[in-house]
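Read from first to last, the chains carry the letters A, B, C, D and E; within each, the first residue is number 1.
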Amino acid sequence: MKLAKVIGNVVSSIKTDSHRNMKLMVVSPVDQNYQPIGNSFVAVDGSQAGIGDIVLVIEEGGSARQVLGKSDAAVDAVIVGIIDELVE
Amino acid sequence: MKLAKVIGNVVSSIKTDSHRNMKLMVVSPVDQNYQPIGNSFVAVDGSQAGIGDIVLVIEEGGSARQVLGKSDAAVDAVIVGIIDELVE
Amino acid sequence: MKLAKVIGNVVSSIKTDSHRNMKLMVVSPVDQNYQPIGNSFVAVDGSQAGIGDIVLVIEEGGSARQVLGKSDAAVDAVIVGIIDELVE
Amino acid sequence: MKLAKVIGNVVSSIKTDSHRNMKLMVVSPVDQNYQPIGNSFVAVDGSQAGIGDIVLVIEEGGSARQVLGKSDAAVDAVIVGIIDELVE
Amino acid sequence: MKLAKVIGNVVSSIKTDSHRNMKLMVVSPVDQNYQPIGNSFVAVDGSQAGIGDIVLVIEEGGSARQVLGKSDAAVDAVIVGIIDELVE
């Protein structure tokens, strides 16, 4: 699972059916110091996340469908938690 | 899921059966500012996308087969939406 | 599977149900000389690991659910062992 | 899916059973201009490809087994087409 | 599938049950000229490989469990062959 910062919302009128009532968010992976690492990508929101939140993202279709409760969802990444802090 | 720009169409007479009536497109991943990031790859079109469109691509076999409605399709990446805009 | 060093614990009050009683740890991949390689990520602890341990991490949903004994767990990475040494 | 150039054949007397009658080829990923990008890897030939061909490679176990018609094949990458041209 | 060189054996007393009678080896990916490319990782030995061997590694859970004949094995990478040579 990746730590990431939510940096945007995706707006697309042409989309696959299973995305209809989903909030697609642009996330930028971060390290343990919340510094950006790697390329941004898109995840479905499963935690009522907002722009600027540091979140936990799973990149696995089976888990994504399980979290969203939609066995036919075409999803390969989902936000599954909002981070309060990292304790070292 | 990745944001990507459609940059070409693939033409190949020798192909696996399940690709027969599929449009294979070359896509180049982009970031939230639509700047290129990473290497181009090939995705099946599931949204009537065209060259130059900014699209949403899923890279997961299960989702790809689900979007295309073909349980036997040999596909690991599919275009599932066309982006209107990204709201920050 | 990856070798990694445990560098932190994740604290998040908002999380998906299947994460309720799980310990989420931040791990940093290391090479055969225990030097850091690549970006840190988050794995579920399946071996009672502690901060500073060098561990073995599997990044595959099916294996992760099997190790944790939870067929509905939304997990794509799990700590499956603590390394004593690497013999060359 | 990736575009790649076939650069070699693998010869190995010690191999897993399901590889017995398979042609394993070394492929080097290329971009839309057929320039090398990234590290070479090994794929099973599913299209009677030859050295120097530009091919389409799927890196997903389910698709690979489906293309080869072998439900028990230990394969995670298969050549599924030979590229004629890319039209921009 | 990746070409890799075997560079070590993993010793860990604390491990998940399905790893009990498995030989875990540290492997370093190599290119077609057997030069190192990318980060080392850990694979289960499925071919009686030894230190210094150039091997073929599959990184896919389904294939790994199939090769090892253990449907419950928590494994995402397995050595499936020992390379004699690469013919260009």
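Points to keep in mind about this one:
One rule holds for everything that comes next: a contact is a pair of C-beta atoms (placed from the backbone, for glycine too) under 8 Å apart; a residue touches a chain by one contact, two chains touch by 3 or more.
Chain labels with UniProt names: A, B, C, D, E = Ethanolamine utilization protein EutN.
Everything numeric in this text was worked out from a predicted model, so none of it was measured.
Between the contact lists of chain A and chain E, the overlap consists of C.
Rotation angle for the C-alpha superposition of chain A on chain D: 145 degrees, rounded in steps of 5.
For this pair, chain C with chain D, the centres built from the Cα atoms lie 32 Å apart.
Inter-chain centre distance (chain A to chain B, centres taken as mean C-alpha positions): 20 Å.
With touch defined as above, residues shared between interfaces to two or more other chains in chain E number as follows: 62. From chain C, proceeding by way of chain E and on round the ring, the chains are encountered as C, E, D, B, A.
Residues 7-16, 18-19, 24, 26, 28, 39-43, 51, 61-62, 72-77 of chain B are the ones touching chain D in the complex. Within the complex formed with chain A, the residues of chain B that make contact are 1-3, 29, 31-32, 37-38, 46-48, 56, 58-60, 62-64, 66-67, 78, 80-88.
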